[in-house]
Structures are given as C-alpha cells and as structure tokens.
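Presented sequentially are two complexes of chain A, the first with chain B as partner and the second with chain C.
And now, the complex of A and B:
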C-alpha cells in the first residue's frame, strides 16, 4: 500500500458506516455490529434464555396437557417428585453415576495426561486415537459396549469363562444395582475421559521443566515429583476436567437408555425426566426435575472449583 | 523425571487397549454371521470374514435396512444444516464481539457465556413446546434450529477467542485503504481465522452427529429421525440380529471416527480454546 493511496483513503471511505475515531467527530449510530450479532441474539434469547426462564417458572405450575386446567401449585411438583419411588431411586442411581464417573474419568485423565506429558515418537498419533471416544455418539457407544457386556455373546463373559474366573456366563446389566451402574458408567467414562485428558495435559504443558530438573537434583523420586509438582500445578486443569465430568454424569441419558432401558436398576434422573414429560405428559414435574438437575449441576460445579481450583503462581 | 521410564510404555499400551478394544470388538462382530456371533467362547477374529451385514444394510429391502439408510440421510442433512448455520452466525457475531464496541455488547456477551454453563437438557421441554407451537416438530428446520441454539454459544466463544488473538494491524491497514468492514472481514479476517473456523465446524458437526435426546423428542418418524435415534430403537426391539446391529453401529461410528482421526489437530486446539479460558 503506497502513501498516496493512504492519503486518498478518507475521501473514499463511506462516511456513514464507519465511525472515525481519528477525526474526533461524534460518530452516527452504527448499525453494523447490531446486524452482525442480531441472529445470535435471537437464538440465545428465543431458544436458550426464554426456555430456561420457562423451566424456572413452570416448575411451580401444574402443566399437564391431557389434564387441564393448569395453574400455580407452589412446590407441588417437587413434593410429588420425592413421593415417586422410581424418581427417588433414579436420584440414588445418578449419585452413583456421578461419583463413579467423576472419580474414574479424573484418575484416568491424569494418568493418560502424564503418559503424554513428554514428547515421544508417535505421541500425536496416540492423541488422535485417544480423542476417538469423545467424538462418537453416546447411543452408539452403548451399542458398541453392549457387545462387551452381553450375557449371551459378550466379550467379557467369553474371556472370564476361558480364564476360569467364572464357570458360566453372567448377566451384568439389570440384576444388581451397583454392578449395573458401574458397567453403564464405564461406557460414559470411556466417552468423557479424552476431554479430561486434554484439559489436564494443557495444564501440564505449562509446568516449567526447571521444576522437574530441580526436583531431580534434590533426589526426589518419581512418586514424590508426581505428588509434589505435577498434581498441585495441574489443579486448574483437573478442576475443569472434573466440572465437565460432573455436568456429563449428572445429565447422563444415552448410555443407560440404550443399555438398560427404563429398568430401575440403572435409570438416571434424566431418563425419568424424559419418561415423566414425554410418556406421562406431566410437563410440570418434568420442569421441576430439570430445574433440580440444573441447580445441583451448578452447585456441585462451583464446589469443585472452590475446592480443587487454585490459581497457580509460577 | 515426569514419569518413571517404565511407566510410559505401560500407559501407552493401556490407552490403546482401552480406546480401541471396544471398537475392534464391534467391527469383529459386524464381520461375522449371526450364528458365529453366538459361539461360546466368542470368535476373537472373524472365522470367515463377511461383508454380508453391510450389504444387507446398503441394499436390503427389509424394514431395518431402509430405516438405517433413510436415517443416515437424515443425520447428514441435519448435521450439515446445523454446522453451516452455526458457523456463519457465530463468525459474524464473533467478529463484532472481537473488533467492535457497541451498546449492549457486554450484556449479550455474558448472556452467551451464561448459556454455556446451563446443562443442555434444562431447556428440553420448553424447546419441544416452542417447536410444537411453531409446527416445527418432526421437521428438519425444527431440529436444525434447536441444534444451532445449543451449539452457537460455544462456537461464538471459540471464534471470539481465535479472532481476538489475530494481529489487528492487517485489518487496520485494510480499513485505511478504504475497505469497508465487511470487506475486511471477508478478505482479511476470514482467511486468517480459517483454522479456528475449521475447528468450530468440526466440533459442531461432531456434536450434532452425537445428538440423541433432542431428536428423540423432536422427531416422531423416519422422515426426520437421525441414525442415532433409529439405532437405539432397533436395539430396543431385541429382535435385530446382533451382527447386523453391530454393522449399523460401525456405520454410525465410521463418519465421526474418520473425522476425529484425520482432523484431530483442529479438534484439540478448538476444545482447548473452548473450555480453558
């Protein structure tokens, strides 16, 4: 760009649409940014904030299309929710899903991230493989893993029988509650661990190599280095990984729906929300359940951030 | 030492087995006949590898084959539609957020961030009722609108971070040369932001491909049901042969798996800009 073009520029510039800070003139109302953000704003307001407000308000109303009239019933939906055995049982299941899922995905995420911390040949290929389960639909992962858990044709039964660990094929899903929840949650852990790994790995990359060299000079062993340097300095990454795991596990739906259907041994709160809303057509109670999950999700996430997250000063 | 030297090969082996074994197993099952699948102990390799299950899905005239084919067309249309709309709208908004000052900017910006913190299913029932009121239940439009509303915040956030990190000097030079801001966006910002746009498009496409509960509620028959919904319904019948079910599973896994393997760099960078800041 030559000097004369630059000099000629102000006269060619359309005066209306670009407010000019350099001339000091007070710019006219600038339409362009509003035009650019308007579609986003319409979506966010119309299809995110407004529906969220509806959930918040209608949780305190009776909303049953097949059983009018609707009206304000205060905490009625919440009271009925806690009187419904299948919903209470789904809350217990979901608590198990959360504890098992958050612990396992965090532990595995840290182990995988430490494995990937230093550069080595084939590291980027390994990361590409590791990402896979994150990219796949939860429903299909349920189908994939049913090939492992199946009571007639499953890989696990076949291997355990061949190794003489069990004498005949076992039913893993739908018998014992803890076994069912564990087996289903492992499938979700498979899906959410890649993101946990990446988040922890990103935190590990920020740890200066000097620290490890100093630790080695001081004669610290691998375990001491891991507990005194790696874990404390990876805390921000671990906290975010745990929060995404909490959100995923509290809202678990696809895996139990495909692997165990509506059976009470593994049904999650999100499944009950779906059944209550779209099979019983009791939207009010569905709203109350949605609100409950949302509030619990936010509170648990905040608690984790408070407990685990510490700003790391280097 | 960050990890004891003998630990790393162990970790690598565990990552590979943990990630690939389930995928190997479904592929193995899909290449067997239904009789072979029921063998005890199981065949760890297909004894007589056959593509018969895939041929059935591809060209069979049965109920299962036609519903898998139609729902594959549906999922491609819905994912492509949601990805294009999301990326275009998010790019325009991200440019405004990153480079312009205007009244209401911060309020809107923090609203976008706030919606990211909401669990997606918090709005499931209201969205169904809105689409129902608009007559958009069981239409591609309805499903794409709901997907876009769900994916826009993260997409705008990733692109905002990406565009903010671009050097502003080139854009200023373009403006001094008399280019309008839309020309600057088109000719200067978009080419520079291409990696961020690709990341956003891939993450949006994969998220759309993975949807289940929203289309389960929003689509009532094969005219719009995506592959995920149809596969879950087939599984629920308990009558579909296991080997055929596995082949359908492989079809549903193949597209996102190939994308994830080939374009994993974009995914990693996009996920990290999306969730760390």
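And now, the complex of A and C:
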C-alpha cells in the first residue's frame, strides 16, 4: 500500500494584470472591489493595525501616568521586565501552558476528528455538543472547573474519595507548580480542543475515500492507514489547529486568574500584562509585554507551520 | 447593464464612506473636555458592579429630576480596566461609577475623578457616613460610600457553645485558644476560615489581623510597620500561616478566595469562625435556610484585639464622577439620590422585598442603618450599626498610589508562606522590600 502523498509544488501565481494582447491597452482600473473591501480594511487598520503600531512604538517609551513625564527609554521596559522575578516566573509558566496545551489539544483533536469522521448515529448531535466548551467564555469555564478542582468541596475529590482512590481530600491548585499548571491547562485544553477537532475534521473530509479503499485492498491495518494516509493528508489542518492552540495558550488569562489568582505557581504572562498595565498603570512595560507575546506567537506559529504544514495534492 | 454597474459602484462607494464615518466616530471617542452642568433632560450612564435599583424607584427619580439613567452592570475587574482605559484615552464611558477605596490614591494623583466637594456637601454627609475617610486622598474626597462593607468577625456560637465556650473572645489570645478548643473537642476539625488564595481577599484579611494584633501596615509615608517580629503585622502573618499549618484552617483553603468559597464553608458549618468576614453575611447568607445549615447560629462579634476589642477596618465601595463624564452635575444629583437615607434603607430591605436593590449589602449611612434595624429587616442590625460607627480606614492617610502592587506582594507572599515555599520571615521581608521600593518611587 502506498498512498501518493507528496509535497505539492508551489501554487502558481495568478497572472499579473498585463496589457490586452489584441488591443495593447491596459484594462481599466476597477474601483469596485477596492470600494467593497474598504470598510473592512478600514476597520482592521483602525481597530487592529493602528493600535498594534502604537503598542510597537510605545513599548520603547516610558508611559506611566503616575510618574510623569513620559519619554523614550529604548529597551528600558524590556530590561525591567526581565528583572522582575514574578514576570520571569510567569514566562516559565506560560511556556508550560503552551507545551501542555498544544500537545494535548492536538492529540485529542486528531483522535476526536478521526472518530467523528466515521458515520454513526448521533454524530451531528455529538459535534454540536463538542463545540460547546469552545463557545463558553474562559471565566465561566474557570468558575465551573473550580467546583471540580476545589480542595474542600470539589467534585473530583469527592469522586476519588468515594472510589477509595484517595483517603483524604487533595489540594490540586496552588501547592505544586507543575501540578497547578497542568490542572489549569486541562481546563483550557477542554476549551480549545473542539476547534482543533473541527479543523482537523475539515482536513480529513478532503481525503478521498478511494485512498482508504486502496489501502484496505493492499492489506493495510488501521494503524498503518492512520499513519500513512490520515496524518500526512491532514497535516494542513493539524498545523492550523496547532497554531490556534499556540495563540490561545500563549494568551491564557481567564483560567489561571480565576483558578489560581496571582500566585506564582500558575500566573501567566498575560496576567502579568494586566497587572502591570491596569493595576500598576505602567503602560509602557505593559506594551513591552504585549509586544513580546506577539513576537513569540508569530515565531512559534511560523516554526509550527514550517515543521508541520505540508501542502497536499489530491 | 451599465446602469446596474454604476449603481453597484455607487453602493460600494457609499459603503466605503459609511465605513470611514464609523471609524472616524469610533476613533474620535468622546468628550473628555469637561462636562455640561445641565441637569434637566439629560441621560447619564451609571456603570456599577451590581444590577440597578428597582424600576419603580429609578422611574420616580427620573420623573422628579428630569435625568434619565442608563445602567451598565459590569464586574469589578472589568470596571477598573474600563475606568483606566477611558481616563487615559480621555474618552467618555460613564457619568458615575465605582471608586474603590484601594485605588483612591491613584485616582487622586491622576485626577481621573472630580473632587466630590465640587458637587456635594461632603462634610455634612461625612457626619452620617463613617467610611467617608476611606475615599479621601490628600484631604480630597473622590467617592461617596455606596455601601458599608467592612471586615467583621463572625462566630458560629452554637459550635463554640458545644465546645464549652460560653463567652465570646475579646482578645486574639483568647480567640485562638477558643478555636483550638473547638478543634480539640472535635466540634470542628478545622474551625478557622482564612482565604489563602493569592488574591485581594488574603491581603485585606491580613490588614484586619494586623489591626487585631495592635499594629498598622504602613505609616503616613508608606513605610512598612510590620518587619519586627513584635509588630502587629508580623504577628498577624505568623498567626495566619501557623493556623493553616497546625490544621486550624482547612488545608484546601490554600486556594479559596474570600468570596463564595470561603463563605460557603461558614454557611455549611465546616468552619466555626471567619476572623475577617463581610458585614451583612449573617442576614444575606448564613441565616438563609436554602443556602445555609447554620441558620441563626452565626453572630457578629466585636473584633478581638491585643488586650480588648478593636475597631473594624472598612472595605467599602464608593461612587464617584469621572472627569470624562458628560453630565457631572446630573451624576451628582443621582449620587445624592442613591445614597440618601431613605433609599439606602429601602434598597437594603426596610420597605419590603419589592424595593430591594439586588446584591445591595448594608447602608453606608448610620441613619439608614438605624431605619433598617428599626424595621427588623437586618439580622443583628444593632451590632452592625455599632461596629460601623467605629469602623476605620485601612490606611489612615488614604491608600498609597502604588497600593495594587503592594497588595499583590502581600497576597502572593503570604500565599507562598502558607504553601511552605517560603518562611513567614521571608514573606514579610519580601512584602516590606516591595513597600520600601514603591514608597521610594523606584
């Protein structure tokens, strides 16, 4: 069995607007498409790109309303950021969030997608139910899950005690850094996995059924079919799912804030950005932190696309 | 065909123009350049933490004043972010909103809110509102106490009695001994409630405990007053950390906040006392049969101190007028109305359920507390009124401008000490070091 899977040649670029061969004239500039796109473009420029540009510039300025005057300080905000133990600690936590979150949501997303690829009764209902956690706000999820993780009255402790797995209630949050980060990140994985599943499922739907039939005729087992056909052909979807997981986990805020407060065992960079900007009112350092997250998000996403993404030709 | 194309282009250009207009409107923001003194025929926005007062009450105000009120119900964290964002971008977002006591120092220095004396007779109001000083920075009042939230000790008297304790403690030593007795007698395995999650509730608990051990947190210059092991703050930190390590506090409280989680432990009878509870919880939670198994068992007691009871510390919410308000004078009229004696008493339940304002705790006016107590609608109203009249601010000179950083240092370090990742000495040193650094402006 061998599925013909290979990296596609670069997509051909559309021909540039060139003079009409018969008349030798350039076609008239058509304003319509630009006018149609203009409102959206203006919104994006005004509400995303312009603030991003301001953030980029102000990250190199002292912007502290409580301590005027403001002014250019070069890398001063970045230096202070790396001298702050709580921020450095939150960077480590965030790295854990990213690794745990991206790995778990991708693995679970692929597994769920492969399951949902099969036709079975109630599949549509299951997909609708699956998407619910993704639709819930992170704060709501944090509150819901705090009832599960709670060390005094939580559901998990109650169940584990009833099953005699543990003899007395355990503290899951706030004591051990790795356990705390894992427990918090599981809540976020619960939230982001549905989108990963749908993205991978969309990629799986594009795989022609005859490839699987051919594999079956060639005597390939389920595992071989999965590793030689499903995964390679789903790589574009997997890459996009991983990128969305990277964006979500690097920006995690609600879950650690609700479940673990400002404690160093679980605080994320995004929490520190909030504290620095809106509690300390040090907007310059807040901009610097935001810029750092943006740059890291772009770099990690690019790395994932480069490593995981492969254009497929079917 | 050509006319269709031209029409399509016109439509597209119109869409573009509308888009530009919308963006221009959005980017231009709002007033910010001083509001109008108009008070008739205007609409004000009130951004608050809780749902609005009853419709009938609000309608009556609108009819008599000519001011229409648009109410925005926003959670505390989001509200603080909006206040900061609106003020720094000089953009209108509300005419009246929350002034938290802990941010008064910042607000005063930044000039984000109007001094209340510009619009209201603050001096005469202060005579009836003991917590007015919590909203004062450099002698200027920036908010009017909206409610009378203050820290108060609650005790499950039934459990204390079961343990053989007949008189309520008046000193911290006695209080601690009583808790140990409740534990030793097997009445409650974990009799004391402390919310050890790294959040504001842990900081305020420590302030109240510091006060109880006879100390203060910061002096007028913002210098720490808790570094010596004989100081109230140091003793309070050691007492709290020791309480969880010795099993007086449930081990699971390491991640419990001062809100629902902590209060439920009291309501379910898991703990026998909360040293720094919220005023009003007896009537609103512990005496409510649907949510409590300790109905009529819990009482407020005067806060135990080093040698006798001490005043409670205030933790109130205030309402003020941002500088970006469109109608500051109309907002002041509204504040005067909503904090009036009759309204506060009615919102807290004096005139029956129909006039209750959802989630309204207890009035900030002593006169309203007396009305409410006289109506018989406030559990242990007499005790609460007495405690309110003696309540004092956490920081006598007003919260410092760097309070949020300090508070975070307090909660994260005390949490770490409770977890065991640092000693009490190290936690106190870290908190003191933060305070010194912030007070010096570095």
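General observations
The rule we apply is simple: the second predicted complex is superposed on the first by the 272 of 314 C-alpha atoms of A that agree within 3 Å, B and C clash if a C-alpha of one lies under 4 Å from a C-alpha of the other, contacts with A are read in each partner's own complex, and residues count from 1 in each chain.
One rule holds in what follows: a residue touches a chain if its C-beta (ideal position, glycine included) is under 8 Å from a C-beta of that chain, and two chains touch if they have at least 3 such contacts.
Quick caveat, the model's predicted, so the values are computed rather than measured.
Applying the stated clash criterion after superposition on chain A shows that chain B and chain C collide.
Once chain A of one complex is fitted onto chain A of the other, the partner contacts of A:51 are limited to chain B, with no touch recorded for chain C. Contacts of A:173 after superposition: chain C is touched, whereas chain B is not reached.
When the two structures are aligned on the shared chain, A:190 is found in touch with chain B, with no touch to chain C. Partner contacting the larger number of chain A residues, of chain B and chain C: B.
When the two structures are aligned on the shared chain, A:64 is found in touch with neither chain B nor chain C.
Once the two complexes are laid over each other on the shared chain, residue contacts for A:89 go to neither chain B nor chain C. By the touch criterion defined above, A:129 lies against chain B but remains apart from chain C after alignment on the C-alpha atoms of chain A.
Once chain A of one complex is fitted onto chain A of the other, the partner contacts of A:212 are limited to chain B, with no touch recorded for chain C.
Using the contact criterion defined above for the overlaid structures, shared-chain residue A:151 touches chain C, although it does not reach chain B. Put simply, of the chain C stretches 129-137, 237-245 or 255-263, the part that bumps into chain B is 255-263. Comparing the two interfaces of chain A, the one with chain B and the one with chain C have residues 32, 36, 39-40, 43, 46-47, 146, 150, 152-154, 169, 261, 274, 277-278, 283 in common.
Taken in their complex, chain A has these residues touching chain B: 1, 5-6, 8-9, 12-14, 17-18, 30, 32-34, 36-37, 39-41, 43-52, 54-55, 58, 108, 111-112, 114-115, 117-118, 120, 124, 126-148, 150, 152-155, 158-159, 161-162, 169, 190, 195, 198-199, 202, 212, 216, 222, 225-226, 230, 237, 240, 244, 247, 250-251, 253-254, 257-258, 261, 270, 273-274, 277-278, 283, 286-287, 290-291, 293-294, 297-298, 301.
Those residues of chain C that touch chain A in the shared complex are 5, 8-9, 12-13, 15-16, 18-20, 22-23, 26-27, 80-81, 84-85, 88, 106, 109-110, 196-199, 250-257, 261, 264-265, 268, 270, 401-402, 404-405, 408, 411-412, 415-416, 419, 441. The touching residues of chain B, counted against chain A in their complex, run 1-4, 7-8, 11-12, 14-16, 18-20, 22-23, 25-26, 29, 37-38, 40-42, 89-90, 92-93, 95-97, 100-102, 105, 108, 111-112, 115, 117-130, 145-146, 148-150, 152-153, 156, 173, 175-178, 180-182, 206, 209-213, 216-217, 228-229, 231-232, 235-236, 242, 245-246, 248-249, 252-253, 256-257, 259-261, 264-265, 267-268, 271-272, 275-276.
On the side of chain A, the complex with chain C involves touching residues 31-32, 35-36, 38-40, 42-43, 46-47, 65-67, 86, 146, 150-154, 169, 171, 173-175, 259-265, 274-275, 277-281, 283.
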